[in-house]
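Next come two complexes built around chain A: one with chain B, the other with chain C.
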Partner chain A sequence: MNLARTRYLMVWLAAGMVFDLLLAENRSVRVHLGNPRELTGYWLLGVMIFLALFNLRKRLPMLPLGNAATWLTLHAVGGVLAAAIFLLHSGNLWPGGVYEKALAVLSYLTILSGIGGYFIQRIYPRLLTETGIEVIYERIPLRIGELRQKAEALVLECCDQTRFDTLGRHYLDSLQWFFSRPRFTFNHIVGSRRSQQWLKQQDTVVRRYLNDDERKYLDDLSQLAQQKDRIDLHYTLQGAMKRWLLVHVPLTVALMVLSFWHLLVVNVYSL
Partner chain B sequence: MTDDNHFDFDRSAYERPNSGHVCGRGAEWGTPCWRGPNHDGSCGGEAECTPYDNQGRWECRRAQAAGGLCENGPGPDGSCGCSQPPCVPRPTLRRRRWRLSVIALGLVVAALAAFTHLSGDAGSFAGSVRNAALDAGELTDGHAGFTDAQGCKACHSAHGAQPMAWLASAFGANDMTKACLDCHTFSGPARAPHNEVFAPNKRVRKTQCAMCHTEHKGYGANISGLSNEQCASCHEKSFSSFVSGHPKFSDKFPHFRRASIKFNHASHQEKHFQDKNVAKNAPANCTTCHRTEAADHAVAPLGFENACAKCHADQIPKRNLVVLRLPEFEETNLDREAVIEACGANPEAEEEDEYESISSDEMSVIAAYMMGKPIDDFEAYGEAFQELVMGMAEDGTGALVDMIEGSGAAVDPAVLLAGLNPEAAKRMACAWAANLEYELPAEPTFGGWYGDLLELIYRPSGHADPVLKGWLEFAVAAGAADEEVLERAEEMRAQLLSPKKGPGACIKCHAVTRDVADGPLRIEWRYHKDKARSSHSYSHRNHLTMVDPQGTKLADSNQGCSVCHELDLEADFEGGYKDFNAQTYSSNFVSLKKETCVRCHARGRVRQNCQLCHAYHKEPAFAKRVTRNEN
Partner chain C sequence: MSIAHFTRPQRWDSPFDPEMGESDIASLMERPLIAAINAETFPDNTPLAGILQNDTRIVHYKTGDIVVREGDYGNSAFLILGGKLRVFVDDYPDALLGRDTTGKKGFFATISQIWNNSIIPEVRDTEKYGSQTVRSADGRETRSRKRKDSNRVFVQDIPAILDECRTAEMGEDEIFGELAALGRIPRTATIFAETDATLLEIRWQGLREIRRFDDGFRRVIDRRYRQNALLVHLRETKLFAKLDEDVLGKVADATLFETYGTFDWQVSFKRLRSSGKGSVEHEPAIARQGEYADGLLMIRAGFARVSIEYGSTQRTLTYLGAGGTFGLGELYAAWQSGISVSHGASLTALGYVDVLRVPAQVLEEYVFSETASPAVESIAVGTRTLAEDALLEWAVEERFINATKSMLIDLTRCVRCDDCVRACAATHGGNPRFIRHGKTFGHWMVANACMHCTDPVCMIGCPTGAIHRSEIDGTVIINDETCIGCITCATSCPYNNIRMVEIKNRMGVALVDPDSNRPILKATKCDLCYTNPGGPACLRACPHEALSRVDFRRGALAEGDLS
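This part shows the complex of A and B:
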């Protein structure tokens, strides 16, 4: 068993024990006519604050606060624990009050976006490794620009050397669109091979009209297109790995604000 | 393929992950400039380098990654020779995430601020929007209708307070129970368990309504349910179920108090109903007299008219109430002329040389008490009684009213003398003033007031006669600090409240009870619903659909009741009514045993949770009107 799995197992066990203890205490408080929602509410708040600290941890990499992988594990398992405590606290899936409904909606969306993000973080890196290349996300525009320049230079050279413009016109008709920016984003997201089919189709369509010299240029161009396709995949998957936080983090912020409002209202009105 | 080469210092631009912007050209999939945006978000790539002034000679400083020294070189003024139009840098994902987070925070705060600053009644749109920011959910049907006028403030004192006071209340304890007690009342202390007074004990803690009743769970929610474990958490003796561990029922259960109507089931069943003379009137079974189909905790009898009148109705008019009786006088103090003036000349009256009283009786106990005179002392009562007779001779009932009021009676004379014809009273008094017996013109047939020879009597017209009830209430309330007067009151009470000889035979059936030691007596006119058992809930009606394990239908008129209720022929039922204490009593039914209930309420049969039979609160009631009078 590798370190990551051991770590996950340990954290899951710890979370299970915490939840088990909380269940027992919740039952004990309820049986003794106490207010179990007070107990679960403060527990939930504590877990939520701990989950939010993950973002802070990422901003303070210089501090010895444990490695990011451990934090991610704690964050993922803690998120599941928070969802369980939320259900225990609310007692049902759909509360009665208007702002409490908003709180529930925010909770569900945050949980769902977190689950989505977790799977993105678990699945996409493997797919990226399978491409055989490593690209820094911020440099992808530069890399695409370079590939586009190379492709255009190759096409111009082909026209210049062979005196035929078939490949040039083909590039202008189809491949220019492909090299202009990342393409087939949705297909990459869902793991479709449509981009490969499209590239193969473009190659097949034009190859029969080219002579041997032009075909050498077409081979080089196809290689560039393959590189571009893999970079597109990187752009899409790395983008997804970053962009899901555009949903998760703002939802978390809104959820935290509304949770503190809930805490205030509960203390003003009932506790 | 990796882009390792691009990490070399002279082949790649320096990445700034914490920068808030990226090159606008790169964002539009052109070729990004290597210098990137400035810190303030402006384009930093308008010039490809910042030329260096080397002893008056400007030198190009374009990086290797960007192509090294440029062909044009710096201008004479030190400007870069390779300039391009500026781009519009775009925010990075991190910056966009930050902005979205701030927007989310702002939206929530703004929405809460806007909602909470709206004003208006709870019923208005603005008010309902404001409450949306505070609303914890719909109230139960029992409470939903009572918060309309005050809204949230009906229960939450902090609602609508000034912002600082509102915030301050978050740090203090909220006494929700106080708000509950504005409407709800109990016969014991509201904050004590079961509303009972317990001996000081550390384990007995104060209770709050919200410990068991939590609101905002929806219109049809049940907020009064308790689990068996919750009940057991306070009780010292805990047990797992009714079958195993529940204490035995007390020896008297469920007959802790005698009934208000002294009906001896045993003697009626075994003796009276067997009598051939009354057998035709005897009830067929229990349900002839008890209405079981509407019964809940108690199975009230049908009432006198339906259950008792056939045998007992004609006994009531036979027992007259003697209010006044002309006593024996030693001498007369009456002014003969005044009598003639009040009554006219009576041809039957004879002038006597020596007075000889027509009566040799004692006066009535009622008159003795009201006059405050001893019943057998001529000298003491003679003048006073003759004054009463003279007063009645002059104005009928007025002197009687004065006497009743003078006695400090707790009952209105209008009730006590209702139906007494002043003319009849006058005629009777005139006869007495003339030292004659008053002769009725005809034999009395109906109930009402009659003057009969030497007595003013009241004949009860039937059950629940209001005049007779008034006189019995008068007797019950009679009392005085003076020992002698008290003695006469006791004598009057003993006569009027006698079960065997008392007027109307009322006390033959109606119990006279003193609820607390040294407290007042009261006649239990109505069927008494036993309050001492209010913490036990039992529905006869619900059991009528059941069949006991032996197959007997509980709704069976002949056998159903006896499944649980068995007559105790040995019990001293009558003895329980000899004093005024309702607790010292023997029911003529055998007390119920736990085993009777366990036959059905057991695991695998009928449920046996605590709240099925036990109610938590003691006599819950409302302090306010539960319906509004809009007028």
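This part shows the complex of A and C:
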């Protein structure tokens, strides 16, 4: 068993024990006619603060605060523990009261965005590696621009050398759209092969109207289009891996703010 | 097709010092060490006078100037023409050599980075440069860059140094530095000028030619090597470890010294790689497959490729580094059977290789007859597929075998979040010391980060010794205070892992040299966060454990498992 799996196993076991302890304590408070929600509420807040500390750890890399990998394990398992404590605290999936409903919605969205991010980070790196190329995200617009220039130069050369404008017109009609910016974003996100099918179709529909010389240019153009498609995939998947945090983190911040207000209100009016 | 005529470049088109005149040569010829060299034995196209004219230069050192530093790599030997030098016998303060003396950061220093880090990258406290013990070769204290080798570190208080440290005197006509220059090994001592001194600096090419053509000079150099290093080296070799001193002395006397490849191999390597060509066909052969083994080949420095003929080229079986041996199995089999046995594989130089050749008859007489069957590492030929060996082939071809701490990224785990880059920047004044991009093989990427090489060619030629190995853990580091921005290290690095940066003062204003009107540059590279508690920030910052620092060791490569 590798280190990461061992670490996850240990943290899962620890989380299970914590939750077991909390359940027992919850039962005990209930038997003694206490308020178990006070107990679970403070536990939930504590776990949420701990989860939020991961972001702080990322911002202080110069400090010896442990490996980010360990933090991520604690964060992922801690997130599941927080969800379980939340259910224990609220008593059901859909609490009563507008404010509590808003809290529940934010909690579910935060949990879902976290789970989504976890799986994105597990699956997408493999898909990117399978493209056989590696490109830095910030340089992708530049790379696409280079490919577009090459494609247009190729089409112009084809028209110039063969004295036919069939490929040129086809480029203007369809491929120009493809080379202008990253395309098939949604299809790449969901792992669809739509872009490949589209590119093959663009090749097929025009090939029968070309002579041998023009077909050589079309072959080169198709190669450029394939490169562009791989770069599009990088753009989409790398972008998704960066942007999911723009959903998860603001949701977390909103949840924390509402939770503190909830704590304040509960302490002032209910306890 | 039209052609243009162009004279083929010759070896001595770029003399070491264009100002070496006839009177200098005549004066050098009268020096005892050089007068003893038999000029008649040199070929017409490489005369002794030509070597002196083109491969040497006369260098003047001011009192206190450090000539060579312990641990540095150099490609020259020195002959003292005038003045007195001192060699440190014992320990001395590191700061004396212009080296970084920064230790691990304490708790407060670590925490204070949070508010001390400037938002403008590459900001320096320029006041600390005032204390650097660097001056120009003409003695004028300066920070400008006139010539890349014109600045030197100097010892400031010689009487105090002589009081505090044990030193030995060196006088006229003594030669030093030849073993490090020929053997591509670090200098073993630090030598500084006690008085103003004049030295003849002989670059390694000239040194090699003199040693090659003059028996007397070769004997002097070889004797010094035998006395100083060979016996120790042999004693540390498992095969000879049990021999008594007399026999070991006989083995040492019979051992031959050979060098293959060029000292500045990184230049041709870079050219080859940029042209996309393989290098094995261009590597100097040390032993060829099918030739009879006439001696045990021991690698003393550098790397050599073991390969067999395969298809239309060579297939790499393994590689040998310092301490590796080649041909022992064949020699032992030949001794047992009485029939000559040929090499089953070829051995070629990967860059610059320093080889010791122990003749077969010496082994038969003193070693094989006295010891049990030597353990010979067998190389399984034909039992592995090309795919299984592809990683090894790639690592050798790209010279990643030189790495001790290569930054390896598993692309199937890396989420391209750049947390590693940000962590590096946060611990290095706002600018990362590596690029998360590099050569890929399958799902592995070797990022452009300093690999802390076994054979650090970047250290050769640093005029101030700013780039050096940390004595604590061997990490290759740069002392920012003594770096003069000459770009020697950056251009030498075969892997393009050293970057020159334009520095700014604490106000964030770019610094410009008033003489040249050019920005002040500093060399920067990964230093494994050697001052930071907790180790490399990049490693700790990766949440997915995609990043590791790897020693491209042979075993892991053969197993195809780098993680």
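Descriptive notes on the structure:
Operating definition for what follows: the second predicted complex is superposed on the first by the 271 of 271 C-alpha atoms of A that agree within 3 Å, B and C clash if a C-alpha of one lies under 4 Å from a C-alpha of the other, contacts with A are read in each partner's own complex, and residues count from 1 in each chain.
Going forward, contacts are C-beta pairs under 8 Å (C-beta built on N, C-alpha and C of every residue); 3 or more make two chains touch, one makes a residue touch a chain.
Being a predicted model, the structure only gives us computed values, none of them experimental.
Judged by the touch definition given at the top, the superposed model places A:Y124 against chain C, while chain B stays out of reach. Contacts of A:G97 after superposition: chain B is touched, whereas chain C is not reached. Shared-chain residue A:N267: touches chain B; no touch with chain C.
When the two structures are aligned on the shared chain, A:V257 is found in touch with chain B, with no touch to chain C.
Counting the residues of chain A that each partner touches, chain B and chain C differ, and the larger count belongs to B. When the shared chain is aligned, no partner comes close enough to touch A:G191: not chain B, not chain C.
In the superposed pair of complexes, A:N67 makes contact with chain C only, with no contact to chain B. Using the contact criterion defined above for the overlaid structures, shared-chain residue A:I136 touches chain B and also reaches chain C. Contact with both chain B and chain C is seen for A:K242 once the two complexes are overlaid on the shared chain.
Judged by the touch definition given at the top, the superposed model places A:G46 against neither chain B nor chain C.
Residue overlap on chain A between its contacts with chain B in one complex and with chain C in the other: 134, 136, 242.
The residues of chain A lying in touch with chain B in their complex are 30-35, 95-100, 132-136, 138-139, 141-146, 149, 180-182, 227, 230, 242-243, 245-246, 249-251, 253-254, 257-258, 261, 264-265, 267-271.
Every residue of chain B that touches chain A in the complex is listed here, in rising order: 1-3, 6, 12-13, 15, 17, 22-23, 26-27, 29-32, 93, 96-97, 100-101, 103-105, 107-109, 112, 132-138, 152, 156, 158-159, 166-167, 169-171, 173-174, 176, 207, 210-212, 216-218, 227, 229-230, 232-234. Those residues of chain C that touch chain A in the shared complex are 110-111, 113-114, 411-417, 419, 422-423, 426-427, 436-437, 440, 443, 445, 532-534, 537, 539-546. Here chain A touches chain C in the complex through residues 3-4, 58, 60-64, 66-69, 71-72, 121, 124-126, 128-129, 134, 136-137, 238, 241-242, going by the rule given at the top.
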